[in-house]
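In the two assemblies presented below, chain A is common to both, partnered first by chain B and then by chain C.
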Partner chain A sequence: MSNNYLEVTNLKKSFGGIKAVDIQSLKLNKDQLTSIIGPNGAGKTTFFDLISGFQDSDNGKVYLNDKNITKSQPYLIARLGMIRTFQLTKVFDRMTVLENMMFSASNVNNDSFLKSLIKLPSQKINEKNIRDKSFEIMKELNIEHMADSYARELSGGQKKLLELGRSIINDPKILLLDEPLAGVNPKLAEEILEIILNLSEKGISILMVEHNIEAVMKISERVIVLAEGKVIADNTPENVRTDENVISAYLGSENE
Partner chain B sequence: MKLTFKSSITILLTIFSISLVFLLNDEGEIPILFNLLTFAGIYGLAAIGLNVHFGLTGLLNFGHAAFMGLGAYVTILLIPHAAGREGEITVSGLPFFLALIIGIISAALFGLLLGLPAIRLRGDYLAIVTIAAAEIFRLLVRDLESITGGVYGIINFSDALQQSRPVFINNFASTYDLNPSQMWVAFLSWVSIFLVLLLLKRLTNSPWGRALRAVREDEDAVRALGKNAVWLKLQSFMLGAGIAGLSGVLLAFNYGTVQVSTFIPILTFYVWAIMILGGVGSLTGPIFGSVMFWVIISETNGIAQLIFENANGQQIAGVRFVLVGLLIMVLMIFRPSGLMGKKEELLLDVK
Partner chain C sequence: MIEQLGNGLLLGIIIAVASVALSLLYGVTRIVNFAHGEIIALGAIATLFLSSPIDSRVLFLDRFSPLGNNFYLSVLISVLFCGLFGGILEFFLFRPLRKAEVGNIAVLVVTIGLSLFLRHIYLLLNAKPQNFPLELQRRQTYLFFDMTPRNFRVLILGIIVMVLVGLLLNYTKIGKAMRAVRDSNDLASVSGINSDNIILFTWISSSMLAGLAGVFQATINDVRYNMGFLILLLIFAGTVLGGIGTSFGAMVGGFIIGIVVNVSVGLPFMEGHTEAKNAIALAIMIIILLFRPQGIFGEKERLS
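What follows is the complex of A and B.
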């Protein structure tokens, strides 16, 4: 068993004439908190969509723990233990925070039509466990007091927390975080970074797309820089900072 | 249903609309009211089915008439009936309740069949496909004259149901000078509503119902959390279609005949109007919506006479749609969640 959780080879995706993603080879290591950065339109979110099954690639292969998941359905990939979040937070607006959490914690078996119709006692016990677990996670994320509020009443930052909580409640092996800090105030951003670090220490492999360079440099062990769909740098944060390609493509404007 | 401010207002409005029947008619109020409540029961049941699709799961189904029609045709073709111009009665057939169950299951399977290719479509696109599918169904039924009787329809099938009519229905009907056959259909409609609501109450408060609401809110997030959104939508589509099938059967028995012209798109739009009036996503809402809707439909005559002197048929038909339209407009402005809908779960946000 290799130490890579995700491996992509020759992954390509074009929209018309634009090459959104064009990655020769990329292996992600289980023990490293990895971040992807790059200018707008660099193909970061498309890359997420390709590996999580939300878009089909034109070419290439994706392996999750040595299992070929190319063109697999998103829900099947999620069931393998790789959970993603979205750049534009996707919470279930007209459901309560608790329901959001419980839906995520519940599995297909528990959601079954027949079980729900007969109301098996085992389902009741299961629901109680799910409920307890939801409260546990909500407490960790400090959104416990909002449990009975509708998700759409939450602030942007709280929605990010809810989405994160929903993603980790089933103990995923891999988390793909698409801009977990976008639109979040600095104080909450600190808290979210802390949470991400904790998750990483617990053994969850984390791949993160983020525009907040300072945050990325602070917590990442490996930084991959995308530009026009290609990997232009792949190194430790310190080395990426001084990489000439990166400076000219991306960081240049900020350092001047 | 808890007696909240909302439900008290709704009940008052319903009582008010029923009292309109007595205000606007000089004689025969009871038969008029009874006829109206029969239709209200049947259409209310159809609206409850539509609410599973739209209110619970967010599926824009504009082909409800086809599900109702399929249930009706399958059931009636399986019991003794007379189809077509010649109208020879088939003597053999299944017992009514067995045929009914097969009819409901067929409607659900039609939902599955239609859903398999179509359900992946989002919002408006699903609406277009369902409305087209319903028209295809209607035209097929019209042209398969040797089986369905085509435009001549099917008659002489009521006996299979009326044989099972209990005595208390006869007694009740004769006391109030009502038609006992229609009484039996009305009774079955309201019993069906009661049973279907019990079933749905159980289901919507379950993990299954929660999953459907999650699909309604955001399919992508559902997928990203490892749930098969397509299968959940198909299940919802089948359940709602089955309920529609049941209401279609009752509609056919209420008319005593099945005609292709019953299952035209306007039927779907009536059911939509009822659901919107009652409250999208609310369990009991469609019942109240349906009663009010049918008061307007059946009392248009009286209301039109208040507006025009000696209104003719065309004017009355015009007033009918103006009233339904006005009611929906007023509701959308002042109470977009409908009579019984939850404000927090507003689905039709027009502002």
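What follows is the complex of A and C.
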């Protein structure tokens, strides 16, 4: 087995005349906490959409642990253990926080219609385990006291925490985090970074898109810079910081 | 007024079942289905066709009688047929539209077109109102209202069906998955839910409920090609009144609308103007929405 969890070749996606994503080749390493940065419109979220099945690429291949997942459906990719979050935080609004957690845990490998109608004793035990695990994670994330609140009642930051909790309850192999710090106050941002580092240490491969450059530089082992859909730098944080291409890409976009 | 209460309860349960069906579909798919009325009519028409004696039928279908005209079996088959029909609509029409990312308004217009199309097919099949082949029954007193035993059974069956829908949504995995897709299709996908299957199931169950509502409606009145269209406005009113997208709200809203429509017939100033009974129900809906814009059971979201 190679040490790459995700491999992308010749991945292309255009909207009209604009090339949103145009990546020749990219391999992501299992033990490296990797971040993608880039100016607005660089194609970061589109790249996430392409590898998580939310958009179909025009061209190219995506491999997840050597399995071809090009143009696979999002739910199938999720079942393979690659779980993503969204830039605009999504939660199940009309479920409680606990229901959000338990729902995300219970369905992945077991959604046959008959089983859904009849609860066998073994499922009851299973349900109790899931409940315990949900509480464990909520405790770690400090949202345990909100367990019975409806998710729509949470603040933006709490929703971010719930989204994280929801994504990890199934023990994913890979987490794709789309701006986990967006709109979060500095103190909570610190906490979330801490959580992400912990997850990485527990062996979950993490790929993160984030605008907060300082945070990215602090926790990432590898930083990929996208601009106009292309990889313009791919290196350690220190080297990316001083890369000419990166500096001009960022300054260029600010001048526009 | 009290003598209208029985009728009100009956219409209430019919509107409630139909409103839950509409609301389920809207909640999960965001489709405002104007063809809902035609699926209601389909339930009644199919039941009429399967249960009627051969010589009372129309057109080229008059030699076909596989069920021996058994009424209850006919109802069952018709309701299942409505489910199949809904599934076919989703599979061959609404799923391709969704994949092509056709907008909500365009889909709404498609459902209006579908409604017109189906209604006129029914009109071609049989234009004149017909009754189910059931014997006449005498009214009896149940608690404080009068109705025929058959209508009483409709009432009880309607209540049972709504309880079952509530249980399905709240306690089964597929019900939870429906609620999940309703809240966020994308999020359901990353939780490993095949939302296409959930939407298909929603179409089937919504259409079965609509078909059953049609059978109820025809049991109390008669079968007409436009019977669903005639009560569609009341169903919309019930759904909105209860709070759009909440199934429990749709049940309660539908029930209120049905009762108000019939009880208002007994109001003094309504004498000789019974055709205006829908107006009272819709006026009440508007007044309640002025005070509670999200509907009775709809809830406001935190916008941060």
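Basically, the second predicted complex is superposed on the first by the 243 of 256 C-alpha atoms of A that agree within 3 Å, B and C clash if a C-alpha of one lies under 4 Å from a C-alpha of the other, contacts with A are read in each partner's own complex, and residues count from 1 in each chain.
The rule is short, and it goes like this: a residue touches a chain if its C-beta (ideal position, glycine included) is under 8 Å from a C-beta of that chain, and two chains touch if they have at least 3 such contacts.
On a predicted model such as this, the values are computed, not experimentally measured, just so you know.
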So if we stack both complexes on chain A, do chain B and chain C clash, or do they fit? clash
Thinking of the overlay built on chain A, is A:P74 touched by chain B (first), by chain C (second), by both, or by neither? both
Quick one: is A:F92 in contact with chain B, with chain C, with both, or with neither? Answer first, second, both or neither. both
Quick check on the superposed pair: does A:F54 touch chain B, chain C, both, or neither? Answer first, second, both or neither. both
Between chain B (first) and chain C (second), which, if any, makes contact with A:E127: first, second, both or neither? first
State whether A:F135 touches chain B only (first), chain C only (second), both chains, or neither. neither
Report, in rising order, the residues of chain A that make contact with chain B in one complex and with chain C in the other. 52-54, 73-75, 78-79, 83-86, 90-95, 99, 103-104, 106-108, 110-111, 113, 115-117, 150, 166-167, 170
Given the complex, residues on chain C that touch chain A span 172-177, 179-180, 182-184, 186-195, 201, 299, 301-302, 304
In the complex of these two chains, what residues of chain A are touching chain B? 52-54, 73-76, 78-79, 83-86, 90-95, 99-100, 102-104, 106-108, 110-113, 115-117, 119, 123, 127, 150, 163, 166-167, 170
Going by the contact rule at the top, pick out the chain A residues touching chain C in the complex. 52-54, 73-75, 78-79, 83-86, 90-95, 99, 103-104, 106-111, 113, 115-117, 150, 152-156, 166-167, 170
What residues of chain B sit close enough to touch chain A in their complex? 199, 202-203, 206-211, 213-214, 216-218, 220-229, 232, 235, 344-347
